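Pasting in a structure now, in structure tokens, and then I'll have a few things to ask.
The letters A, B, C and D name the chains in turn, as written, and every chain counts its residues from 1.
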């Protein structure tokens, strides 16, 4: 179980959210509130869009709370769309390649959750990844495999459909492997313009996910960055949140029966 | 505030204490019980005596809980005397040189506590370190400075006297700098044969320190490694514990007025 | 292209070979002589057998030449059989999981060489790994995949046959992917008692490999650790070296047509 | 001996110089040409000025050639003034705090060279650092001590005078300690607007230093980034180079007798 934030709006310095708020993401790396693992110290990452099409990535194996480079970087870099993530491993090693966000081309992805019984399905899950995308498999997490499978399933063209297909694929593999643990998924993906966020679980206990929109920006977070609960809205379970720049957020159900259009 | 253990007795694999107990040191790195900072994730270290006079050291900046090398090493290395330490920084950066234990020649030292107002006295404290010992100053912690000052004050010949003189020296510097925060000190030192442990604080609130002795070995710990509280004895505040191999532990007061013999 | 050493014989401190010789492995990490890449600074590892069946492993992403922990460990640990390896990446990231040696149970493996066109065959190579062994796939190197495939092919029972089958398997995949670059392989494996070393290449340009045996021990090395060339013998290309403890080394051809016995 | 580059001019992506040229700084980390140590693999750093007064810093202990974060960062960050440095240690450990550039407030500094007999003068050199600046001493290098001493000597107001006084101070300490090795110094400092670079040695063998100015920008480098030697001019030994934005570079002698004005 991890913690993450996604930002879209007027360009701001990353530290505005990553370091400054009372319950900033860095603070959550040491003391998360709504998460089984209070400590999210198994690496971290930030990914941001600047002048280039592809995002910048800074991922490191240290805990976020003690990384000078993270504080320095977040104090300098301004972005209109960025992701930040602190990791609490559910098994795989602490390694840069296992830290979120992941990026392929201009698409970025991060995740909080878990594939129950992952070791039993890992190999078959990887088999679902297209050949050209498999070259991007650098680590050993379920999250990276979910991303590459979702890309294979059409994430860049049809984010909600691709995620639904991927969750269905994984559930099928889990069932075939007689896995009884749940599949839980709170994730965000973006092409650098639009953000899609997802909250879903096979057992109805999806990881927490909140959002807050003002005329100036949108925040999507694992848990609120401040004590003003009234300002934050919960993403309903089973829903995707669609965030086009400058438009009000829309919610849509994640239709698990959805099949790729012919 | 950190957590540490010291072992003396029949040679055992380090993992017997570092990794295996319910409340092992690795477990304490994530969830310490008797410590202001529950998370001790700012690096760690083990130091052990084997066939050579000087101890082996393995110190790393990662949290102990996620370091495969630590688990591997502790599963292989057997020792009759070792220290292990998980760090929670009170300011200085997460760096190998700031991790405990510290060693000069065959003398090893580790510490849990804090010099209140350390930035205000750091420089004058370093000025107390003898020239030849100053070459060993590699990091920026108060703990390393305390060790090198204690060595300057005669730690290898008269451990209790040297620690008393050092604590007095530091208090004098703190007073001169008008520091109001306390000086707290729970430390252990060894020459590879005898262990001296210390529990002391200027405000009567010394960090916790326990010991347990059986015919086969002695354990000195920041907090018990298991739930059997009755088996652990608290080191009284203001006391040094003296552990000669194969002898019952002795306690002695840390006499703060003690002056170096002429 | 990497550099490695394997030792079998009377227990010695690891630093006897890793750190002390004029052209020690640590020296080779900075200035290798017989290697396309003079700098082997993309991580390193040591694996040794002590009192337990499984080997100890210390693998790190830093260059070997600047790692205090490596020097400290090698000064303390004595072993009758150990491997040490300095890495020069042919592509995959600098990560602990990509450092040699690799171990599964009591079997250890390290490698110098390269699968030409690896990205084109990576996925199909991984498909050859048995399900239960695939759980040990933690990194992304060709070397780890070669090890796990060789284990699948019977490495623990029939080392030379398993390596021959693996090389044949890989060549088949390379041919199917129209790879024109060569497959080169200088590797060692052990069960903690016997060492098998291999020197082979599809283009007759296998990485260098030497050995030196005295009544007291056996050394197998990528390049001699000293200037006394006359004392070192070259492992012939296409050959396996078989080292049973206390016996003279034997050489055997790597029979590429070898098929697993029914 | 290290390698560095300093840039001033139209904002460019850092990778334009750090990663892209044939003989880029990343290339020099593996194969420097004009340097005793061809390998500069003991950490690296970049420091750049953006929208804030203080520079951003990214310093890491890995070799520059294998750090994905460095490539990512340099592909995203644009700056009108930045420093980049690859380190080859002359003794002190590989640690972030020992990596260049160093920064205090808006002043940045990096260095290539060495104080001969540094261990013999380290302590007395540190004694020259002003109390408030000493709090910034985080590592153990001669370079960081030179920077903090130069700041104490007035670096922000009178860069050339402060450097001259500092070099004189260090020479005095070296002489008092009977050090016979030379003092060599190729450094750059900036306040975010103006760059001062220095090339000096006590034995007339200062580290190499070049510059190239066009109407669009200025480059100061340890060694040329390309093979077009004619385009690069050598900074004469004993000289400071003064670079005001948009003005032609000026050279001035480093007057060693210079005393601080009363």
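Just a few scattered comments:
One rule holds for everything that comes next: contacts are C-beta pairs under 8 Å (C-beta built on N, C-alpha and C of every residue); 3 or more make two chains touch, one makes a residue touch a chain.
Here the structure is a predicted model, which is why all the values come from computation and not from measurement.
Removing subunit C from consideration leaves the other chains joined as one piece by touching. Matching A-C against the pairs in B-D, A-D or C-D identifies B-D as its interface repeat (over half of contact pairs the same by residue number).
Over half of the residue numbers at the interface between copies subunit A and subunit B are found on both sides, making the touching surfaces mostly the same. Centre-to-centre spacing of subunit B and subunit C amounts to 40 Å, using the average Cα coordinate of each chain. Shared interface positions of subunit C, defined as residues touching 2 or more other chains, are 68, 93, 96. Residue ranges on subunit D touching subunit A, taken from their complex, read 48, 50-52, 54-60, 68-69, 72-73, 75-78, 96.
Subunit A meets subunit B in the complex at residues 30, 39, 41-42, 61-63, 65-66, 68, 89, 93-94.
Taken together, the subunit B residues at the contact with subunit D in this complex read 92-93, 95-97, 119, 122-123, 126-127, 131, 134-135, 137-140.
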